[in-house]
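Please see the structure below; I have some questions.
Letters are used for the chains, namely A, B, C and D, taken in the order the chains are written, and counting of residues starts over at 1 for each.
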Amino acid sequence: MSAQKKLSTMFSRYAVVIIFVIITVAAIPPSGLSVTYILQEIITRLGRNSFLVLALLLPIYAGMGLNFGMTLGAMAGQIGLIFAVNYGIANWQGLVFALLVGLPVAVLLGWICGLVMNRAKGREMVTGYILAFFINGIYQFFVMYMLGSVIPMGNKAIVLSRGYGIRNTLNLESVRQSLDNIVMLRVAGFSIPLVTFIIIALLCIFVMWFKKTKLGQDMRAVGQDMAVAESAGIPVEKTRIVAIIISTVLACAGQIIFLQNMGNLATYNAHDQTGFFAVAAILVGGASVTNASIANVFVGVMLLHAMFVVSPLAGQKLFGSAMIGEYFRQFIGYGVIALSLVLYAWRTRKAAAEARLSLRGARSGPAKGNGKPAAENGGQA
Amino acid sequence: MEHVSKDFYGNVVLHDVSFELREGEILGLVGENGAGKTTLMSILFGMPVIMETGGFQGSIRIEGTEVHFSSPFDALDAGLGMVHQEFSLIPGFTTTENIVLNRESMRRSVLNDVFGERMSVLQRDRMRERARKAIGKLGVDLNPDMLVSEMPVGHKQFTEIAREIDREKTRILILDEPTAVLTESEAEVLLQTLKRLAAEGIAIIFISHRLQEVLAIASRIVVLRDGHAVKDTANENINMRDIASWMVGRSLGEGGQRSEARSFAENTFRVQHLWVDMPGETVRDVSFDVHRGEIFGIGGLAGQGKLGIPNGIMGLFPAGGEVVLDGKSVPLNDPAKALAMGMAFVSEDRRGVGLLLDESLEWNIAFTAIQVHGQYLKKALFGLFSQRDEKAMEDLCQEYVKLLDIKCTSTKQKAKELSGGNQQKICLAKAFAIKPQLMFVSEPTRGIDVGAKKLVLDTLHHYNRDFGTTIVMVSSELEELRSICDRIAIVDEGRIAGILPPTADISEFGLLMSGAAVEEAVNA
Amino acid sequence: MNDTITAKSAPQSKTRRRLVQGGLLVVYILIMVLMIFTGRRHTILIDNKDAADGSYSAINGMEVAIDKQESAEYYPGDRDRALVQGQRHTIQVTIFDGNTSIEKTFTVPLWSDMMIISVPKMAAGLEPWIEPFTMAEQIEEAQESGPPAGEMSFQSLGGPAPEGTEEAQPSP
Amino acid sequence: MRNLKTFIQDFGWPRIIIFFFLVGLFIMAPFVRVRLDASFSDVLNRFGQNAIMVLAMVPMIQSGCGLNFGLALGLVSGLLGATLSLQLQLHGMLGFLGAIVLATPFSIILGWFYAKLLNKVKGEEMTIAMYVGFSFIMFMCIMWLILPYSNPTMVWGYAGKGLRTTISVENYWLHILNDFLAIKIGEFFVFPTGLLLFVALFAFLMWLFLRSRTGTAMTAVGSNPDFARASGVDVDKMRTISVILSTFLGAVGIIVYEQSFGFIQLYTAPSPMVFPAVAAILIGGASINKASMVNVLVGTILFQGLLTMTPSVINSLLQTDMSEVIRIIVSNGMILYALTRKIKVSK
């Protein structure tokens, strides 16, 4: 492989990252934001989003692509929070309570998601995406009609005036930033939510440890070749379901962390964009559909959110309209996902073609059998 | 293994096959395609397909006790190991990880008690140790930390064998065409390895079409033909020619009619240095000529590349080389051009490539003609649109239904509802409908019953005689080729091993198929 | 031989696993209960008013602190609130005249959202000085109401959000 | 009995449930004082509005590209055509047809690029199509703000530039098809003849196309690409044609929708319109690789019927608005069903 070719493969591998860095850096001066401000924002957003993005890792290892179905976990987390607010459980205890309530819901939804995806092998992503919408319908039904009527809601402040259903916006004042504020480090003018970061670090350690377990190994095997894994006796379908369940549960916890930082909950659409932002982040970080690392997660969150912080103001300054920046960042978000998927699909096909290249060409065939063991046989006859 | 019989829905594939295998013995199992090797191994290995199709008769005993395997995992537990023709390796895993796949060494972790055994932690060093031990037994040099995707093929094969060796219980090792993908020197090392393993007391069943390899290492040879174990002999004083004739040797009376010998003067079709990248059927360097009006047969064992030849010429797989039809060069990799030049192709993959299963028979027969020659269309809306001429299509379909005696309820019936034989006739009709000068027919009788086989062959025969169409027929069934072809080329390892008249001695064919040299065939 | 753990482990470990799992379930529920008890938030209203029947009268200036929270000053007629978590709390009252200071411990019922403490009553030694407080409307800031259907935010892009604004549809 | 069973299996439970649910709604309607004639009229009208967008799904399904989640590209072309037509002050039928003509080049160019892309990523079309559609919509959001439109009915009054979110077509070509030869029966029932004729025309053209040589080839590509290739069909070309056709129909579809609806909706409005179209054709009995005119007809009527009837009937019945939730569950459930169904193409 020539140096030039190496360079071009490297470029195509990190194309998304490179494009992103360029756009973001270019947008910083016109935005007029100070570097300290941007850094503080990035720190905050790292704490807010990393956990959610980490939830995407396991399904990628298990070869199920980007788990758009993580939204299900987000919904479970929201249900947990609704109950925590309803029962008036405040502070970090409220968060733990929300997690404990959301956990079984997340496991159930993850299991359903895994079953559905096993029926749509090879189309996991689109299926997960639609499944998220479908479950969203059921979530809305549950929150809008069941809560307050079938399941009594003690706290009238969160119920719609008609007597059942939860209000559009839920004030999470009682748990707002309760995790971040347990220990808020102040270093050189930056506020660092220590406990949040410790939890994220613990998750990273868990993921690294998990890769070393039998189950983690099985997941990698299933992700690379389902047929071989099956023939070696690994329960393929079950392994895939477990991967999705873990991802959903992590997404549930991630959404709780996300929302405690935001401080309020748009009951009916807070989860809409969860999958989108998480997927965009991990892709921006250089991950692909089959390959991702913890580093991808953090690089991605930082880059994506740096761009998100900068672009509205840059749009305002450059085009005189904040909306342009707003649209631009959405455009970039969706564009990044589309681009990564295209690059990935394209690369896979190219790699497959290259792998077979050795079999092509008549006279320049590979080492194999130049005129077979002619001499040997001649002797025998 | 005693008195094993197996039939698939009344179609007897194995007939009272018995053999025994001693500790440390290498048994060479040879036979043509369809002789029953694969079925035999499936039975031995407890493949679910056997159970699903009604089980088998006879019994298998290991060390005197009768065993019943309901799944391959039972067979593994009983000490059988199998290396398949296709690699069963995870590309992104290292040698070690593949060798111990799903049998990893593990240490308990705290989560074991909560979520079960799969939360145990892998012990990498121990796994590597085991891999090293298994590789050591093979006596080859394999890096335990190399990724499989970066390995040469030979190493992949060794990794597979090492995986079987690593199971301490493995006493019987079955290798299905293990040398097919190896280079000569790699194959040599493999044979040495097998001998070494046998010396350690492992019994080996070695399946190969390369007879010289079988002769080189087997201590006993079992020849299967048409489901019968025709020969079970020690490897003493026999040569390749003997085995070859046992393999293919039907008495001539069975073969049925022979075409009268014909001679052709004119060359119509010339292939020079053709290579085709068809997965599993790679063609490396093939050259041959076809005379006008003849039926040219191409035979050979599965996977040797005979199927790649028509597929490559018709542009279905990436190909290169020079193909000339009637003095005009045929552009490769462009099916439309190939069809337009007057060539037609009946694919061996009837259901995958040959038919539109969800469409009517009319569609299936007329489609190629519509696309290639613009036939069976009529103008509609003052010539603005061309429309399918459903009436003409139906007439065409009716004509062939009658001509080929296709059994169907109506011409509107969906192709998937027909039986295999009738589907094959539809494929033929599709090719006939474009009135080709040169027709490739690939495995025309695969998977259809005897009556239909005869009908298909007769159809080809008549079509050739009546219209003078040149036919190139590719088939795994030698007898079939010999009954209808004027000349037969045998393909081996992606090259033409030799071209013989159908009247040539059966052992000649056998030798060519078994990797004997071209020169030898010429001499003989 | 290696010590590979096979899938068919001894039944003993299976029962052990069941036990651990059952134990974890208990712990799970215990934590949940613990969270409810320690995390339950109550609003304490602190009242400095005359009694309707004149049995006690408002204290003329004092400082009240609940638990270790920042203390607040109260004058007659004042009423303020404090948010507390958990059930057992202390109230510390420092009256400006003189150096009288009272410290009392009280318990809030788990499911009661709001309690009112009448400091004068407490100072007067009358019981009960802490009572549940119910109000038709909550003090929580009014939040917008109305069913969320039809709300189509920019966020729900890509979702099967309402197809256009159906209200605008000319009714036939 | 057996026939019924296979019929149900072929047709699928979800569709049958939806069908009976809709029938139930119609039966219930008079009891909750919902006028049947008004409802029918409404369903017909909505059928006409949406049918062409649903029709746009057909070519891509037939050619094996799957469900066109990237229909947004077509919709945006239509929006470009419509806004240009207004910009050029084209009124009446001229304005309407002008919009279509102006949209055509955009739809062809976009469709061509879109097809190139999809041909590069065979097998992953649906996910990628979705995101290409979304990102293109966002890109056009920026464009709507900065393109130099100047017709005062279209641009924001205070800024003098940038298009409004919704633009009324009232003075241009509102109801140009709806009112053409419309038949009014009674007070509440209007038969939108022109609209339905227009839809029928396109359905007929599509029917003709599918019977032509190219159309036949396209169907074969979707049914079995290997067969088609072996028969000398250029698979990529057929897919390209189908994508362009689908994009064009998307453009026409949205213009027809707008003339009936009365407004051009810009910015992110097109994205939520894709899913209903996909869901409709699936409800009509299409699978992800086979669709017919009947599927379009049945699917659009069932789906739009459901959308019309649930708010009125269910709301009167339960005194709450559950239509939104039902719509989300039905449409996504349907797509999910189609995706997870074992593809019946026997290989």
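Here is the rule we use: a contact is a pair of C-beta atoms (placed from the backbone, for glycine too) under 8 Å apart; a residue touches a chain by one contact, two chains touch by 3 or more.
Because the structure is predicted, anything quoted here is derived from the model rather than measured.
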item	value
Nearest-to-centre chain - CA centroid comparison	A
Contact-richer chain pair (by C-beta pairs counted) among A-B and B-C	A-B
Separation of mean Cα positions, chain B and chain A [Å, integer]	44
Between chain C and chain B, distance of the C-alpha-averaged centres to the nearest whole Å	74
Intercentroid distance (Cα basis), chain C paired with chain A, Å	34
Junction residues of chain D - those touching two or more other chains	130, 134, 275, 320, 324, 328, 332
In chain A, residues with contacts to at least two other chains	133, 136, 144, 162, 330
Contacts with 2+ other chains: residues of chain C	147, 149, 156-160
Residue ranges of chain D touching chain A (in the complex, touch as defined)	69, 117, 120-124, 126-128, 130-132, 134-135, 138-139, 141-142, 145-146, 162, 275, 320, 322, 324-326, 328-329, 332-333, 335-336, 339-340, 342
In the complex with chain A, residue positions of chain C that touch it	28, 31-32, 35-36, 38-42, 83, 85, 111, 113, 138, 140-141, 143-149, 151, 153, 155-160
Touching residues (chain side chain A, partner chain B) in the complex	209, 212-215, 217-218, 220-221, 224-225, 227-229, 231-234, 356, 359-363, 365-369, 371-378, 380-381
Residue numbers on chain B that touch chain D, as the complex places them	314, 316, 335-340, 345, 347, 349, 351-359, 363, 367-368, 370-372, 374, 377, 380-381, 385-388, 416
Contacting residues of chain A [partner chain D, same complex]	116, 119-120, 122-123, 125-127, 129-131, 133-134, 136-138, 140-141, 144-145, 162, 319, 321, 323-324, 327-328, 330-331, 333-335, 337-338, 341-342, 345-346, 349
